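Letters are used for the chains, namely A, B, C, D and E, taken in the order the chains are written, and counting of residues starts over at 1 for each.
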Amino acid sequence: MNQAAPQNMPSSAKLIQLMGTVSLVCGLLIVSTHQATLAPIRANQETIMRQTVAELLPGANKQITYGVDGSGNLTVLQGVDAPGPKLFAGYDASGKLIGVVLEGADRGYADVIRAMYSYSLEKQAIIGFKVTELKETPGLGDKIVTDPKFLANFKELDASLKNRIVTVKSGTKKNKWEIDAISGATISSRAVGRLIDKSAKEMIPIIQRNRQRIEGGN
Amino acid sequence: MNESSLGAIFLDSLLINNFVLSVFLGICPFIGVSNKFETAWRMGVSVIFVILVSSVLAFGTNLLLINFHAEYLRIITYIVIIASTVQLVEMFIKKTSPALFRALGIYLPLITTNCAVLGVALFQTARNYSFAQSVVFALGSSMGFTLALVIMAIIRERLELSDIPGTAKGTALVLMIAGTLSLAFMGFAGMGGGG
Amino acid sequence: MSAPSLTPEIVLHTSPHLHSARSVGVIMRNVVYAMLPICLYGVYNFGISVVALLVVSTLSCVLTEHMFCRAAGRPSSIKDSSVIITGILLGLTLPPGFPLWMAAVGGFVAVGLGKMLFGGLGFNVFNPALVGRAFLQAAFPTAITTYTPALANGRFAEFIPTTLTFPFAQPPVITEWIARVRIDAFSGATPLTALKFDKIGTGLTPLFWGNVAGSAGETSVILILLGGLYLVARNFMDWRITAAMLLSAFVLSGVFHLSNPAAYPHPLFMLFSGGLMLGAVFMATDMVGSPVTPLGVWIYGGVMGALTILIRLLGGLPEGVMYAILIGNAVSPMIDNLTQPRVYGTQRKTGARA
Amino acid sequence: MGLLSIFGGGKRLHRGVHVPEFKEQTSQLPIRRMPFPPSMIIPLSQHAGAPAVSIVREGQEVVRGEPIAKANGFVSVPMHAPATGRIERIALAPSARGELSPAIYLKPWPSASQEILYGAPQDIEHMTPEEIVKAVQETGVVGLGGAAFPTHVKMKVPEGKKIEVVMVNGCECEPYLTTDHRVMVEQPDEVLHGARIAMKAVGAQRIVIGVEDNKPDAIENLRKAAVPYPYISVEPVPAQYPQGAEKMLIHVLLGREVPSGGLPSDVGVSVFNVATLAQIGDLLPRHQGLIERVVTFAGPALKKPGNYMAALGTPLRFALEQAGCTEEAAGVILGGPMMGPAISSLDVPLTKGVTGVLVLTQKELASRNGDILPCIRCGACVDVCPLHLNPSRMGMLARKERYEEMETDFHLMDCFECGCCSYVCPSHIPLVQHFRVAKQMNRERKARERAKSNA
Amino acid sequence: MAHAHGNAPSPSESMEAFLNGLWKQNPVFVQVLGMCPTLAVTNSARNAAAMGLATIFVLVCSNTLISLVRKLVQKQVRIATYILIIATFVTMVDYIIKAVSVDVYKALGPFIALIVVNCIILGRAEAFASKNSVGKSILDGLGMGLGFAIALFCLGGVREILGAGTLFGVSLFGPNFQPWVLFLLPSGGFFTLAGWLLIFTWWKERKKRMAEAQQ
């Protein structure tokens, strides 16, 4: 590079300086936005979670979120954005445990279906169910969200774990641990059965083991 | 961690949730570069290459970001990574295979604004894919992009010999064909899934 | 005796001066004839609803083509009868009680989107009838999977309730109606659905004759085969595509069956059930959407047969023929380009650039 | 495409079409002589190559068989007087293609005999190949199968090539035509003699005669005549159009493929038409010139169809009167219906390349007059194309005037316009015509480019 | 052209810069740019509107900032700077949406982040903001952004009305309406956009024909 650089050719230092300034401004903007929105975002997520839990456990006005670690021990969590499996325990005004809300996921027709369901320790049954994430075919697979007949399955679904929770063909439900499928949305209905079965098998023993702690609310 | 098997991820990103036909990523090059098979094929190959490299880089970067609790810089770092990957790939190809470089021509720099590349990086992060899963996902989705692009290019070459009504010529017809292809690809839904 | 004076405009044609009798109109009309027995059987099987369905789908297709031609300011092309085939095929692939207004929509989409926007006969990429059906499948997934029993009581006296649904309204639920008219324990499922979701098999004999639930015209294997044989005998159909498609479907489902007879049905069941036979004989062989090269047609059929089985056995849907053929149509230009025959006396294939 | 064709095997043409033959009208009728017309027109260009140069003047009297024009170079042949009479004038005359070309007008003496008086015997047994080639040129014989390519040029083996086989083409696959058929039935010895002369000229070791199996009498007669010659074999081949195309015949009989743009000599073969060889076998020993040939007159509009030995130069109008042309005639075709050109004037003469004259009625012509529809990609044309071309795609390219692509990517120049694709096309697309136009356009474009680069 | 007038553009010129994007050079219907978000997030009017607003925000902000620094930025690092600036605003809008509504955030998913590679934004930065005054750049951003948003709304509206029988979640035809599910699916996005393009072309052709007929 012996030749004199053309006049309009700025030095590298100047370029770096410019880029540095721009990056600085950009970084400032991003960080300040991030800081400003941190609280509302967390609040939003918590509100949604609270609403969902309240919906699945009617009458629950106090909630505790537990995190579950690898060996099945519980820790009380403050926020909802910690990774790993979680339990949401709901208590009535008198502090009595109504039930526990659990999460499950399994592959449906188009993509993974995520859902939450509530478990009553007393009844050893599932007493509520809500889909939280769904990309199934509108008008067909998404009936698992809206179909009242399907949702009626979860008023009291036996989860004593003596029998596998399973989805059966539409109109042939005979036992309390069976889920009556929606005709025309068999795959999505089955995914629901599987996601509950899988999650229940994993989490309910943990709940039972820690029953006293959960009931005590600490 | 995401539990999906590698095979399911590959099938899903290649056919079921094809980037172009069902996720709507990379539509601009899909419409713009699909009028000749030759160019479409070259574009496709370069995209596969760039997506693979940038996916690997993005995976590493994301680990760093999480480590430093700087997730808010994700978008900005990813786009920088992609822009530099394209540059690097361009230089690399220029050095190692000038013939390929000439063949790819202007398509390489164009890839920077191909949202499929950024899409792969963002999706793999959002879905918590492991390294192997990320690579398979990048491979599947970029091949899916190329597949759609090449099919469309050959159909369009054929349509050059047809008497398309004037009103339908151009983008509208491409979109119509894409819509029909998307309908046809719906047949793959549910494959590799719960069954 | 003197030689006549010749009128120049007649003689100025160039060679060849002979022409085979096989013209587009003749081919298309004969395909319609070959489909008539299937239509009649559909009517016998499911009653007057099928008459209405076929009439509406065909009329809708014909009117759409006529309209588009008028709008483009060129002579109507309905004379070549190809649009009638589209209409009948569309009707045959729909459930017997499919709401008529939806069938009309299907006809419009089939011909408008699947054919006329590409420039009409010969230029379309996809089989128009299947474009229409795929559209309907995606638009009205419930209606198109609502099947009614074959040989129901009083099928010639009343329409299936869903048939006469008011335009743009939802079809009524017909569970009770089915309970009233059924003559055997009908579960509302086609043999394929019954197998996929409930693991209930159906015997090969009823499938062969066709008195099972299913789309209006795809149930009778024997009539479809006879129609195909007629067309093959008269050289109006490319038997190679049908053969390749059925063969690959048979072999692939056979491999599945042998690997796990409990999970996967007998290959003959796969051939006889659903729309595979109708698709392989009347839709996959649609000349416009298939390759022209001798090797290409075999690959094309093979791809479609394999895809059908893969979608049926591994995918989320009970039936995959429609999607398999549409994908076949989409890749057919590619197959065509890849299988150009070697030109006599050269090492190079046509289409290959120097 | 029949079911059996996938099993291949056997000597047969797998492509091509089964055209109705219509040969029964004339195939059993012996060759008859046609009387001299009151006036004859002998075009100087009846063959491929440079036109002959007239060596007579107006008013000169000539004897039947006497040379009246000399060859202009090697790829050219002389002309001989078809009848004894007087040269009226040397002027332009209409030709079958429609344009005017120079011709000699000859008025035969009213009492002229059809006996040939001109010529002298020559000893061909002791001729060298070069001498044979020269002698053949002097007879003025050209390919009588329709191509009218000077036969002596074919007999001259190109530098560096070696010919092993003389192939005799007795297929005559065009419908209606029975010229070659009658020649083989009636003149088997002349055919074999000509073939042996050709074999000697090109230095081949054997002779293969290919005859379509719909002419059993021809095969029988040829076989009988070939008994003394162990190196001659008569091979029946299944009747299929265009079996008579030389590339096809070579492929079916010898399993060799003539390279694209090449000649049969590239695979060691020389191909001659039976009628050509019969003329050589007949004329060469007597050193005479070609002045007449067998022409099939056929078609539903003729009352006296048949094979006529007609003097070259006989105007078509006179010939048709002789054959009993009726008022129903709606089109006249020179040659076969698949490749022959239709003519618009009856004032053109019979020339060396005319194998037949077809007079068709409205009914036959109507069969191909359907509406032209878009290609429905049925693939029939691809299935029948004997050269494995893709007429469907080329037709579509031609519609969009992408002629150059047709040549560079789809081997347009290999097409020999047999007409199979047009024959089977259910959409009535005039494919062959498209290809002719495309070839012409490409030729013109190349000429323009050459002119430009030279300028 | 802008420099001739200095930094204070005449009202008519500003208006033109604004209307240009809205109609004559509509990014979606005329320039066929930014197809990915156009198709991906328009299965409901609400999502379409949210995406439109987000894009307007990013477009206006980035146009403003880029126009401000246009004289400082050297040619060599031009694109890099622009991308940095755009990515910044996209990150901001990402967090803001997350803070405002989780539902919308979930529905739009990664497509908010993908605004970065929306060619409209980089295109305007390069073609307009880097050459024009701040005022005009803001107007241009607003016009283009609105044009984009309107196009999104045209698609989202049609898709929601046909696909669900509702608009912004409000039922339009009563419970008996048969929704055309197809329009909520990806293929419906392709078909709807193709339909709009067909209508536009047809209308333009008609106008041309009528103008020719008048002459």
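In this section, a residue touches a chain if its C-beta (ideal position, glycine included) is under 8 Å from a C-beta of that chain, and two chains touch if they have at least 3 such contacts.
This is a predicted model, so every value here is computed, not measured.
Comparing per-chain C-alpha centres with the mean over every protein C-alpha atom, the closest match is chain C.
Look at the CA centroids: the one farthest from the centroid of chain D belongs to A. For the pair chain A and chain B, the distance between C-alpha centroids works out to 30 Å.
Each chain gets a centre from the mean of its Cα atoms; for chain D and chain E, those two points are 70 Å apart.
Centre-to-centre spacing of chain B and chain E amounts to 23 Å, using the average Cα coordinate of each chain.
Chain C and chain E have Cα centroids separated by 41 Å. In chain E, 80, 84, 87-88, 91, 95, 181, 185, 187-188, 191 are the positions where the chain touches two or more neighbouring chains simultaneously.
Contacts with at least two other chains are made by residues 113, 119-120, 122-123, 135, 138, 141, 316 of chain C. Among the residues of chain B, those in touch with two or more other chains are 72-73, 76, 163, 168, 173, 176, 180, 183, 186, 189-190, 193, 195. Chains touching one another form the pairs A-B, A-C, A-E, B-C, B-D, B-E, C-D, C-E.
If you check the complex, the residues on chain C that touch chain D are 1-4, 6-8, 10-27, 80, 82, 119-123, 238-240, 287-294, 297, 340-346, 348, 350-354. Chain contact summary for the complex, chain D toward chain B: residues 374, 393, 396-397, 399-400.
On the chain E side of its complex with chain C, the touching residues are 173, 176-178, 180-183, 185, 187-188, 191. Interface residues of chain B facing chain D in the complex, by the touch rule stated above, are 160-161, 163. Per the touch definition, chain C reaches chain B in the complex via residues 72, 113-114, 116-120, 122-123, 125-126, 131, 134-135, 137-138, 307, 310-311, 314-317, 320, 322-324, 326-327, 329-331, 333-334, 337.
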